[in-house]
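Consider the two complexes below, in which subunit A is the common component and subunit B and subunit C are the respective partners.
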Partner chain A sequence: MVQDTRLIELKGVCKNFGDTQVLRDVDLYIRKCEFITLLGPSGCGKTTLLRIIGGFEMPSSGEVLFEGSDLTVIPPYKRRINTVFQKYALFNHLNVYDNIAFGLNLKTPEQLGVKTKAEKKKEIERRVKRMLRLVKMDGYEKRSTDALSGGQQQRIAIARALVNEPEVLLLDEPLGALDLKLRKEMQLELKAMQQQLGITFIYVTHDQEEALTMSDTIAVMNGGRIQQIGDPKRIYDEPKNAFVADFIGESNILSGTMLQDELVEFSGTEFQCVDEGFGTNAPVDVVIRPEDIMIVGEDVGMLTGTVQSVIFKGVHYEMMIKGESDGTLWKVHSTTMQPVGTRVGMTIVPYNIHIMRKATTADAVPVSDSGKEEA
Partner chain B sequence: MVKTISAETRRAPADRATARFARWSANRANRLKTVRTIWMALLMLFLYAPILIMIALSFNASVSRSQWTGFTLDWYVKLFNDPAILGALKTTIEVAVVATIISTIIGTLGAIGIHAMNSGMAGMLINVSYLPMTTPDIVTGVSLMLMYLFCHVPLGKWTMIFAHIAFDIPYVLFSVMPKLRQMNPNLYEAALDLGCKPIKALWKVIIPEITPGIFTGALLAFTMSLDDFVISYFTSSDMYPNLSRIVYSSTKLGVKPTMYALSTLMFTTILILLVLVNKRTKLENL
Partner chain C sequence: MKRSWYASPYALWMLLFAVVPLLFVCWYAFTTPDGAFTLANFQEFTKPRYMGVILRSLKLALYCTALCLLIGYPTAYFLAGRGFNHAQSLVVLILLPMWMNLLLRTYAMMTLLDDNGVLNAALTALGLGKVRVIGTEGAVLMGLVYNYLPFMVLPIYTVLKKMDYSVIEAAEDLGCNPLRVITRVVIPMSVPGIVSGVTMVFMPAVTSFAISTLLSNGKIRLAGDLIDYIFNQSSNPNRWNIGSSFSLIMLVLILLSIGFLRKVDPDNEGGGMW
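Entry: the complex of A and B
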């Protein structure tokens, strides 16, 4: 399981491409055996951060440490880090076996713990076979890589990286090209592999569900900065700013005023909450998850509104409800359906109201207010 | 059944009009087709008539250029018994092989280098490399000759080989560049990631990946080398004639049918090579 030793540490890492700042002052540490996900929209700098760790980019400034010593002076081919690339980057002129054996063939017999070249060959065969079993591709040794499906190529790319027994495995949106069902299967398999092998995984994705499913730790990135870092539950339940709240899961984000400790006003109504320490009459952002709004009778709710639209989403219905007090559109998830035009009451319990400080200019992010996009 | 027939009868006038239109348009399509065929035939005749006449005359029993006196392979037999021609054949092939090998190496490495550059610099280099392909051969030939004379290099086989290398390089470059552009940009990084040093990564991953392009480039360079007359004429001397030079000098003394036979063979060889290049390019673009 995740250990306390810091394997990789980034301190004040910046990266510029010409005039564009891709990474701004990133601080991050990665612990041994951790499954950490860099999550963010495209262009947020997550892939650049991964490439810096892999050795394919140099930081413009800042420090990158591996077990306490400078990593940037070590070329990629000497790092104990392997990468699974976005489009797999398999070698098409080699068959499946030779793709996986590629890294091992470059090692000396001593590095593989054997003495002679003949023993090396046997050792490589043993390790490649074991890897093929791990990724459930045994029997495919002689196949050409073009003849494989996307999911199979993905497995070979993972095997090719893992067979070198790296300390850290970097994965750059490895499941992006797969269909939904296969993607979900691979998510679970990857997580199982990581736990079985005890290797640190650094995973890049823009898919928040993927991040929540697999990670021990999620670092949410936007505009070249880490917006929030923490375990999936904490990120979901206590987003630090409006960007994180909007990016992770669905949410209603409103402007409000913290009247005093444990009392907040938004949508023209005062609500009990559990947050304190914001001062009095402080402007804040309020996050309420759609599943945390309960629909009650129109006379007993804290808020009243009229159902504008209903979409069936499988497990629940997604309803847009227009509040009467100030016209806010609320996104509400419920297992019971209310027909369009119905007047309903809505109730929110105090611990489901999450209060955030207003974004400061430094990490100001454009966030669509709750419910602005109508379904 | 009855119903269907009655329905058809009712629609009959309209159907007749439709049928007339169909006939008319079919005829029109046929007429167009005939015109197209004739046009193509004329075009082909215009392009290939001289060569066809030459090929026919190379099998003509008499020396006459206007009378067909019977089929013979004598001229071909004579051709292969003429030491001057055999010597020129050897020179031509030698020059083509050496120039192809060297220009393929230089062109491939050049393409890899240009590919790795930032786009501004790469664009400039690509334009500079296009220039020799569009410069008239006579200008290239004369300028190379001037350079050799200026540097006091006696004209001979090696000056010709260097000239061929120079005009072959762009063909290799422009065959390899598209392959590099099609390549997954992460391949090189994947090789480094798995433990290759940069040169080894180039050799073990990049070169195999672009081999089809390199091969096409080499084939094209070889063809261009075999094909060349003007540049070779200016950069070599009569001491080291290649085939095209032999053909040219013999025309001064009145053309012998052996020259028709020689030209026929050169034409066929280059035709076959070009067909090969085309087939490869098509296969690669599938």
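Entry: the complex of A and C
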């Protein structure tokens, strides 16, 4: 699906609002037909980045290229880019049909591939009807937008943008206001639409699960910088730094020492791992996902600990286990429950131990959750 | 005590000072001074000198409303604009004249426009000669616009201020150039404010009195002045009956225009007061 041509390219993009640096030196390229998600906590600059691509903000410095030519000189109404706004921004003086037809009505008959005004009207009707079917809202043409539920308004907002057949669709946390079940449905539907229409989607969210579900590529952002770009599996399995590891999924993040290639020490214990090239006795961050810790008998584990608390999470139990060697509190996910106070053993297989260089330079991002990192 | 009883002082007040007088007006309008039923009072209205006054009132009220809209809309748009930090204080400045008595404001207007007033003094000083303003329809129109302009600005300002800015961005996003953003989205979405403003200017303008008398040295009479004249100064023995019938006609005209405006803005979103 994703083609190799670079549709949009950002080079060294910075954005300041007064004294606040919102974007710092962002480099990013977006390929044709790619579903890319800008993921990060609120205030990380992801929405500003989206608004620069949409044309609602100008970068303070840096280049934004669309098919190789400068995009910043083109006003938003001339860009082949459409946006689904966070709060839908439907026109409440128009009904559902006229909302979706809004962009098409502004075009000349020639732009719609027909000759006369009457043909234009028919063409618009055909396209609007098709869009309504796509977002599963056929029959709602005459409704007032105020009479729609949040989920329905969202569908109309998506239809209103997609009907213009843009090269790129920007989505600014479009599912934020929907309930969990609807959100999950819409995630799959959006992904299906994107694949069916072959349009590039740039999606902004703070919800890591949403990002993992839908994206071809995820760009994790924090503090105005892109922390890591990669496909969901890579981002999840090989987080580049402690921030990404902490933000994507749940993790145990510990300080350790890389003794030599494929051998790391943390929690007072030596472990086999699969990473190389850190040198000898290098200080590193170690990330272990809670589901990668296996609970075994208390005598056969690599580590031993005592269960401090158990929370039922639906599919699994979340247990906090206090390690005996150094008092580390381990977060462990398991489908079998161990009662509080049980002494257990824990085992981690080598490829589930993720090693990261200690953050030392300016891109060191302190993780806000205290006690998890000693940056 | 039921909650609705709390409204009883107001109900009593309205009954005594609105409903009962209105019934009196109706009674007088349809009777002769002897108390016999007649429609003759309404025929009075068709006399050219009365008809002319009503038509002139409607004309001046329409001009006034149109001018207020032309001046008021851009003002409100400017005040409601994003990134304009002094809007609040400017809104207060626009409101300020409304806190002053209408007659006081009109006297001030007289001083400005008088043959020997500030305007003509300035023109003379510039060597341009005097212009006669007081006594013309133009002066009356100026007085009406000056007095009623804030009633146009405020409701439009309120509606524009409440408008979500992302709607404007959405319009740009979908292909509107800056002019089309205004014609296709901003103006249509502010219709409730326009309706409210038009109502609040047109109603008082069409029934206004004093402004016209003062600014025309009594030469130009509007419907309000006419009713006032018939009741208070006319020597006609039927003056109470004729005056009442004219009042009723004005009332019906106003009700009709409210009905019409309701059709344009059925939800009354502009928060009109009428």
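Here is the rule we go by: the second predicted complex is superposed on the first by the 366 of 375 C-alpha atoms of A that agree within 3 Å, B and C clash if a C-alpha of one lies under 4 Å from a C-alpha of the other, contacts with A are read in each partner's own complex, and residues count from 1 in each chain.
Going forward, a contact is a pair of C-beta atoms (placed from the backbone, for glycine too) under 8 Å apart; a residue touches a chain by one contact, two chains touch by 3 or more.
Quantities reported herein were computed from a predicted structural model and do not represent experimental measurements.
Q: Evaluate whether subunit B and subunit C can sit on subunit A together after superposition, giving fit or clash.
A: clash
Q: Touch check for A:Asn164: first (subunit B), second (subunit C), both, or neither?
A: both
Q: For A:Lys87, select first, second, both or neither according to whether it touches subunit B, subunit C, the two together, or no partner.
A: A:Lys87 contacts both subunit B and subunit C.
Q: Once the structures are superposed on A, label A:Pro75 by its partner contacts, choosing first (subunit B), second (subunit C), both or neither.
A: Both subunit B and subunit C are touched by A:Pro75.
Q: In the superposed arrangement, what residues of subunit A touch both subunit B and subunit C?
A: 54-56, 75-77, 81-83, 85-87, 89, 91-93, 102-103, 106-107, 160-161, 164
Q: Can you check the complex and tell me which residues of subunit B touch subunit A?
A: Of all residues in subunit B, those touching subunit A are 184, 186-187, 189-197, 200-201, 205, 208-209, 211.
Q: Can you list the residues on subunit A that touch subunit C in the complex?
A: Against subunit C, subunit A makes touches at 54-56, 75-78, 81-83, 85-87, 89-94, 102-103, 106-107, 160-161, 164.
Q: Could you list, by residue number, the parts of subunit C that touch subunit A in their complex?
A: Per the stated touch rule, the residues are 164, 166-167, 169-177, 180, 184-185, 188-189, 191.
Q: Help me check something: in the complex, which residues belonging to subunit A touch subunit B?
A: 54-56, 75-77, 81-83, 85-87, 89, 91-93, 102-103, 106-107, 160-161, 164
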